[in-house]
């Protein structure tokens, strides 16, 4: 029933490659099927103005798509002179989600910026960004420990994200682009590895959705998240 | 327990004043307690480029805050030369939510722009904007009928929005600013008057939230929405 | 002869409502007939770079129109990414005019920003902004005294503004939109309550104007200003 | 008494050099003493969107200062990415003033853009721009006649501009920079060669000004304008 | 003598991987040692305004660096709201160079945009972009033939680019970042596979360079270009 | 054979007028035939952030064209809100070239900004800017000595720039606009008065160029530079 032949609860093949580029303190290529995102984590010894003198750190994110990561070429945001609304919305979500992974007090006065750049898009770029970005973040935290700038990693928990939706009347996990563009409902679920919710964002694209559909989608998300946490763990141990 | 003395399930006094200003096809002042937003609906005889020739209409929204609608003055976005990320996120939410109220085919080649301008902020400006904006939208649709440009109103359903959250461990409805700035979880629920969900957006500000907390918040939202639909109805019949 | 039935020397009903919103140190709704502007005065404990260390204060103004304050919707300046020429011109005029009301030395190192936001426009928005803005400014100065941050108010004089023009050959006071769009000459006169001029700006929209017409318009302005000062005084004493 | 040794009613030496650069349809170097402005008039066979199909022409102006036209270097507006408020205010004034010189109906569907670029500033750049710009405009109108695109010049009248002010208690004409920076009042008067006013803009920089001071300044302006019209005439006949 | 241990005339390992991403008509990963650039070629059925109706095509290029492609994080140009001067300079060079490869008349009314996005930088990003971009361009031209939109490829010649410089007194080919940041002279040479020059850009970073040094550098460039054309050829035949 | 009747090796009449405007520390009008550029040098007692505390100075350049310096009016960059790619490319070239003239250590913590504003364009505006800018720079350096802020001028050498090209198959020096728009190759050569190269930039506009053509063009450039250095010298001694 799904264009890809997957079962409703089956996420795409998820691959996480660490040390994908060499300059960043954390650098990951994350693939959710044909969706490919480079996530880097960059450490700076300073915090934004609103945190100065508070003894706390900060984590923020930026998101971009290469102009031809998509089926038809999108104008380059740098050339147009501003980031679009969708970009702003996504990078704020990534930042909020990954801040939940870290004890800011223990991080001390460091800023870590997670850059998520989509090189190939096939649906789910924001969930891939969060899932891969968390691994890059862990590497950057470990770098701070290895450099002796922190005694131990301020990581509190792992974070992953998955999209679920109602496609042709059936709840399905990890929508790819052909599904996403036809789905009635699209729900992004950001979870912790202890099973709590960090953020849920669900939108009825067509008909309103009901409580039982929400419950079914959340169950799928919970299930798929287990897979994502396993892939993250394997990558970090590999 | 709540700073305002309200019970957990009790929303603030909600007031909707139609015909608040005189030029727009729909013009509403919506008040959720001390939060006050002017919502206008403006009709144009054209559609954006991506819809040209499709025989369908479009509904979009813009959001702004007067610089001193808040406790300390915010820089004016027009003077800074760009809309901030929060503004972009909110106006996209308002637009998506209100598009769910209308049959775009039946609207024909008209664009309706909902402008939501906050003149006084005390938490919940986005939910007030959607709830008041829907009334302004209905007035604009009725204007199209009264002018003979549409045979009947393309309204499919009423839409309202409410914030719910976990404040000091207890789920509460319609957070005001003192609650919002301390709440562990903030969930915005956009519903239809038939009881379906149009959008849900929940964020753990502190600890992750659990399924049972989500369920409790959604129950509060469902309950508070009934009040909002009653206020909308009274305003439109008044 | 005037569309509104007023006599040539008769200004519209002018109303000034103080404490219109609750956060600002001064907050006024000013109405010149159907023209309605929210004027807030915001105090900050700092001065712009060019005044640092001079022991003097600063007063500045910003102006905006809600997109649908006018007969047809204007694009939102924040969304277009810049303030238009008319906006810039008007906010510079408001700032210059209100600086004349205050002894900057006695104000000390404070900046007061007057935000004038038009919620409904029917001609004369800049004169209403100055007239209402002066009352908001007085409230902000009194706030500084009440807070013990100044010994006494640095107010030197009250300022008001009125438009006069040549409409169908006759000099008239306080043009509304139907008159303004057809007037041959439009003159904005900013005066002190001692009868001096702070600024005069007169433009021939059609035929050039002559010295005797200028004299007649200035006499009307002087007369109407008396009314404005009385309304300001009543509002401040009320 | 004046720093330059001029009498109160004496304007600076005014020189107008036509055909200063070779590409524009009108190109003038105007000098008011040490203030030097290049004014070019450029003709285009089109009108702005709001005039399309009306059979009328349009005249507009842009103003700029070379970064080192002034005593200390100003940031280049093109590099800062926006025109400052003063620039916007001045170019709107130049445009309004010069539109009064031409019969737009007779101009037909042409746009003439007057570019005024200050290469050396010593006070009065806006009045020099208008006075010189009018000569460039006349040349551009005559070019349209010479090219056979208009039967006769749509020029209705000549326009010139002069600043007058109260300097150390005395009304003086054509303020240079040392006077301008100390004057109590600064009044720009834009006149026609028939003696009517096109625009007057007077600002009290220090004390408010009184009716008798205004009258004295206007008399000086009227007188100085005669000189300007004579210089324009001589340049055009030369 | 070279930090990398290469001989003066030895370029880095150059690798070109076609079909690197799946959406673009041409998509190449080009590697000059540790410098890695994704080059995509996107075809559109239209030309820029200045070419409309001329029956000719257009080729243009855009360049960007991922924020952490470099040793320390650079601000994202999309977030800063403008492309920097270096970016503009490089993308104009890429566009000019690749236009020399194609017969614009034979291309017909198509635009091909070459996007060069640096994912890892180690010197020579512009030369890698041109060399890899030419292969992506060839694929896009062949796509037009395969789709039946062109009878035969309008490719006139292959283009490649190499940097040469004077490092510690010796001319060397293909500078990497450690060399580039210390070199006295940096010369970028864009050549055709017939041995002609398309563009040369040489800058003395320290001492001026002499004719004999220029000759030596050009000889190295000519030599290294042969290698590049061989790698391009192999990639296209592979 | 050349439209201007010049011999292939003959540059246009070059004139350099010092003290062209009166505020800048160096102010030059440079004319290459009908190309006229105002070059000013402005001294500031500070350096950009990246040089703070290094005890070194900085030289930078900005370039602009008056809107009607060209045959048809170009949009004003300040009004469009950004500098175009060509402007950015040229001003970076001017800055790089003139930095080669000065010992930055000996300049101490001063910044000198060279503003090059084209008032009339006929080809070769960048080479005229560099050649004239160098004279303005020398005047600014001498000003620092005359003011006692430097013991002696940190000038290391004079810099000039000339364009050479292949026009109708023949190498020619100092292309004017009619030649430039038809030339096959355009090469800008920036030289020192000791005969070394500071920068060379050559572009094949039509056919690729060959080594022997490059050699011929460089010989022409070397020859023309002698003339430019003589004109600079005469201006500085005059």
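Lettered A, B, C, D, E and F in written order, each chain numbered from 1.
Going forward, contacts are C-beta pairs under 8 Å (C-beta built on N, C-alpha and C of every residue); 3 or more make two chains touch, one makes a residue touch a chain.
All of these numbers come straight from a predicted model, not from anything done at the bench.
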| item | value |
| --- | --- |
| If a chain touches subunit A and subunit E alike, it appears here | none |
| Chain-contact steps, minimal, separating subunit E from subunit C | 3 |
| Far-end chain from subunit E, centres as C-alpha averages | C |
| Over-half contact-pair match to A-E, picked out of the listed pairs E-F, D-F or A-B | D-F |
| Classification of the subunit C:subunit D interface as same or different, half of numbers criterion | same |
| Distance between chain centroids, defined by C-alpha means - subunit B, subunit D (Å) | 50 |
| Rounded Å distance between subunit B and subunit C, as computed from the means of their C-alpha atoms | 33 |
| Residues within subunit C bordering two or more other chains | 81-82 |
| Round-the-ring chain order [start: subunit A; next: subunit E] | A, E, F, D, C, B |
| Subunit B to subunit A touching residues, read off their complex | 82, 85-86, 88-89, 91-92, 96, 100, 191-192, 194-204, 207-211, 214, 218 |
| Subunit F partner contacts - residues on subunit D that touch it in the complex | 21-24, 27, 34, 36, 38, 40, 42, 44, 62, 64, 66-73, 76-79, 81-83, 87, 113, 115, 117, 119-121 |
